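Just so it is clear, A, B and C label the chains in written order, and each chain counts residues from 1 on its own.
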Amino acid sequence: MQTAIIESLRETTDGQEAERILRACTHCGFCTATCPTYQLTGDERDSPRGRIYLIKQTLEGAEPTARTQFHLDRCLTCRACETTCPSGVEYARLADIGRGLVDSQVERPPRERAIRWGLRHIVAHRRRFAFLVALGRAMSPLLVGRLAPLRDKIPPRRTSTGQDSHSTTAHPRRMLMLQGCVQPSAAPNTNAAARRVFDRLGISLIEAETAGCCGALHQHLSHRETAREQARRNIDAWWPYIADGAEALVMTASGCGAQVAEYGHLLRDDPAYADKAARVTELTHDVSDILAKQDLSGLGDIGTGRRVAYHPPCTLQNAPGLHDHVAAILAQAGFKLTHVGDAHLCCGSAGSYSILQPEMAGELRRHKLDNLESGTPDVIATANIGCQLHLEAATGVPVRHWIELLA
Amino acid sequence: MSDVISGERAAALDADGAASKATLVAALTAALPHDIVLTDEESLRPFECDGLSAYRALPMIAVLPATVAQVQTVMRICHAHDTPVVARGAGTGLSGGALPLEKGVLLSLAKFNRIVDIDTDNLRATVQPGVRNLAISEAVDHLGLYYAPDPSSQIACSIGGNVAENSGGVHCLKYGLTTHNIVRLEIVTVEGERLTIGSDALDTPGYDLLALMTGSEGLLGVIVEIVVKLLPKPELARVALIAFDDLRAAGNAVADIIKAGIIPAGLEMLDSPAIVATEAFVHAGYPTDATAILLCEVDGTTAEVDEDMARVQAVAEASGATEIRVSRDDAERALFWAGRKAAFPAMGRISPDYYCMDGTIPRAALSDVLIGIAELSEHYGQRVANVFHAGDGNLHPLILYDANQPGELERTEAFGGAICELCLKHGGTITGEHGVGVEKIDQMCVQFPTAELQQFHAVKAAFDEKTLLNPGKAVPTLHRCAEFGAMHVHNGALPFPELERL
Amino acid sequence: MSTTRQPSEDRTEAIAAQVEDAYQRAAPLRIVAGQSKSFLGEPVAEAATETLAVHAHSGVVSYDPGELIITARAGTPLRDIEAVLAENHQRLAFEPPHYGPTATLGGTIATGVSGPARPYAGAARDFVLGCRIVNGRGQVLRFGGEVMKNVAGYDLSRLMAGAHGTLGVLLEISLKVLPSPRAQLTQVFEHEAPEALAAFSAWAARPWPISGAYWEAGRTHLRLSGAQASVDAARDALGGEPLDEDQSFWSGLREHERDFFKRGDMPLWRISCAPASPMAKLSGTWSLDWGGAQRWLVSDAPAETVREAAATHGGHATLYRGHDKPRQHPLSAAHVAVHRRLKAAMDPAGILNPGRIGV
């Protein structure tokens, strides 16, 4: 597409990257076909192509208003469009730039600002979030009227199923695992299960205590500098282990995995971190990607024919650097995978999306659950904490991280 | 070009004393929900072009109706206010058929995305116009059925747009175009009345308005529902990937396959630049050192496919193929096709912009026309990649250019025009399946003499007396032809005689 | 089939001149060629006392088997076309009825008739790629072309199919042709009519190489055409009893030479409807062609009753034999208006076969 980016932006890193991305777009519209929001609303502005246009006109000097912001907000950043795009348009990167630009020019109403502040300052912090979850569970009976929808957001209490990290054997093979911010309190079993499965394969999963949130939340809420800071902090936390021979960075939440896999790009202009970040990107793998390369015959027939509906998170399907082997692993372990229609469409969780866009997220979830439940599964499996929490709030079928099924 | 068209129209409207934007917005918002009437530039800008982004025009107003009643309301109001209306589906068209008018209303039918009914007894599906072409086949896949026409953009293009353009696809040599695969349309007339075209039977009394409406590019009515035919999926389909190191040999192989009595389900060709670009994206295993490849699909029962495939291989070998690979399973077949289906947009990887032509020629002229295009490419100094429906003689030269370079688009248009005229010279047509839109409107002056164009206008007037439906598209005014200075081609007299090849 | 072919002659100028002259005088014309299909459609208005004969405008203009396209003048005998194609193992896949030895290509396309293969191969209009016509002003116009795909301008050439010459006098027609099937056979099944309809539906949903499905008097005839291997496989899978005289059976059906079509004095109705429509409750004798989409009824039921029953399932009824008027299913008021405007656009003086299309 032809572009005419304004002088003041043309020389900036963002401006140049945006221009490069825009020039790759041929406006063919293929992306509209797999965009969950466009499929719901039929409004060009809710499609990747339309949003690219909204961003383009902002870059070309048109003053954005809350309208542009509204349609950019409605994007899930599921990146299905990138997978569909034959021209290789890096939509998510353009969306980050566009959102930053628009948010710097359009002030949000106080209520929106408060929610966004809360997301960044509480959810993205392990201990603060754990406190909030505990508080929420305690206060749940009081969440009525306008606050009722919030009850949806409080993860159910789970009984811990296994030993903690210190009781597994220390193996010579070691890999780093990201503890994450939401997962430890919302779904503590996931990492525990991963640890046990890896233990059986002769690999120790270790955690760097000072590593924290991956930065995805900040990134998507137009606080890209904070996201970079978090990336640097995590790299600092991991580096001693990497130097010490940790083979890989294992991601049990694909949402985090997608963000960590971007560190190389995020810090490419930071001379102090660029090389380390690139190395981290290289080492980052989804847990299924690691397991697919191991000999799993020792796991045996764990599934015994139980029916599993697998929901592949968008980050596993579309983020570059992550690869999805879950279905093959589950099948190998004796589970029966049910047919799930429209598997490429987002469930509506999408990080903070389900909190910021509850209506759209709810509708997407309804469609997703209809498809997941159509094969009458015993359990729904997914690979990301966000999807897990979002889906289980609206279905009677248990929703688990798939690694739990193997543990 | 968009400026010329809207300028022409604007002058006419001013003369007619058409409604101002304010009046129209007031009328529309009084009758429709406010959030489906877009009036501000920020909201309208994303609608300024379709799949042909070289032509852009900001619509005065865009309306996004969700019901037929709302469509009728829009049409009634616009008709009463003498305001032109451009209907738009998925906006994937490649001829600028959905290019808005600066003094017109853009009517988006994208919200009409529901499959209304699947009738397995009669093998039909009733769908809304915004339903994606591929979504129909996906919805009936579990029944062993599919909808045959499959344009390359089938993942995203809407069935309403397919009807408006009479879209083809890679399988239409055997299974026909859109016009062969629909039985009934519900349209809203320019006056806002509903009219059924065609019927649930295989024919209707009176004139075949279904044939007339199909491919009329939104100039005769607004399509609001379509009944399509469904076909049983063939038991087996296999595709042969046939490579050549010589363009002429590839062209001859196409005619030889047909002469051997085989009607392939699909017979497609990609030339070297197209192979390289698509391979980079799809990794379909195309041989990147080949001068051209043919994709030849045969389908039917297992025995039939084996029989036909053996013949195809024999013909290809005799024609000088350097490599023949036959798909072993459906996954490999899908992979072979994936490159072809993504070929146009994949050009975005080797060039910032591309301009897709659509001429159709007799199969016998394939080699000559391809060589003629290569010579034109040298003359204009612009690269061209060829991806096309060889079995139908339907060419898709993609002219690569950079819209940010001043003058390149104009040179590209001239190059495209020369390709159109080369096709006409060889007894072909300027458009096989993409439609005339705004893109090829000037070449219509070359393809058709005045009397034919007048006849087209008379037919248009029978449906739309005030010329409000998608004006300025598909059929040029005689005034426009005079300005363009083009004459209908007589006896092969064309511009650029030095570039012609007999 | 005769081996002598009608001589080639281009009478374009004379035909155009006669139409132009008639246009100047507003004198209606009755277009005439082989007369084999004059019983179809409505009678031309009696005011049309002048005859426009196109029979002599004849001959194949171009035919290249490698292109799968034949172009011929309207007066060319249909049997000549079929003979030329047969020499190259090709054919008109819509299997047009001749309804007599004098049938011409022009009359075939003008009436838009198709034979038993229609639901599987397509109708006459589906094979029209282009044509030259004389419109009601006497202008010679060319639409479409000699290529497989063409979307430049409105599809006026397909519109000519079934227009009975009322929108223009056909001069030349370009048709898509197809290779003749390598093998063909017919299987017979004992069915009651509802069973036959159910079988038609079930068969059509599977990729069998079906090229004809006809039921009459308790027997379903299923024709299979294509590669030998696939025809054999379908026969083995579907069963039924083989029919020996299979060629003459289908040509007899196509040409209405079967007793069913010739017997008795009662009116013969053609009911065109969605193929799986249930049997209408009408008195009389039925046969079912086109896999259920074209039904024939010999009945003395009132015309109104027959038309109403046909319309119930989105269909329409045409009188093939009998005296009722009109013969065609009446159009809605909205369609009458569109038809009149379209007719006026092509033939402003209303001189081409007035009355023939019934509006």
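Criterion: a contact is a pair of C-beta atoms (placed from the backbone, for glycine too) under 8 Å apart; a residue touches a chain by one contact, two chains touch by 3 or more.
Note that this is a predicted model, so its numbers are computed, not measured.
Leaving out only subunit B, the chains still linked to one another by touching are grouped as follows: A | C. Chain centres computed from CA atoms place C at the largest separation from subunit A.
Inter-chain spacing, taken between the CA centroids of subunit A and subunit B, is 38 Å. Averaged C-alpha coordinates put the centre of subunit A at 61 Å from the centre of subunit C. In terms of their C-alpha centroids, the spacing between subunit B and subunit C amounts to 29 Å.
Of all the residues in subunit B, the ones that touch subunit C in their complex are 119-124, 143-145, 165-166, 168, 172-173, 176-177, 179-180, 184, 193, 195, 199-209, 211-212, 214-216, 220, 232-235, 255, 258-259, 261-263, 300-301, 303-304, 306-308, 360-364, 389, 391-394, 427-436, 440, 444, 447-448, 451-452, 455-456, 458-463, 474-475. By the touch criterion stated above, subunit B contacts subunit A in their complex at residues 40-43, 45-51, 53-54, 64, 66, 90-92, 108, 110-113, 130, 132, 134, 153, 155-157, 281-282, 342, 344-349, 352-354, 403-404. Contact residues of subunit A toward subunit B in the complex are 1-3, 23-34, 38-39, 41-45, 49-50, 53-54, 57, 62, 64-65, 67-68, 84-89.
Partner subunit B is touched in their complex by these residues of subunit C: 64-69, 89, 112, 118-119, 122-123, 125-126, 135, 139-143, 145-156, 158-159, 161-163, 167, 178-179, 182, 201, 204-207, 209, 226-227, 229-230, 232-234, 272-277, 290, 293-294, 313-316, 318, 328-331, 334-335, 338-339, 341-342, 344-346, 357-359.
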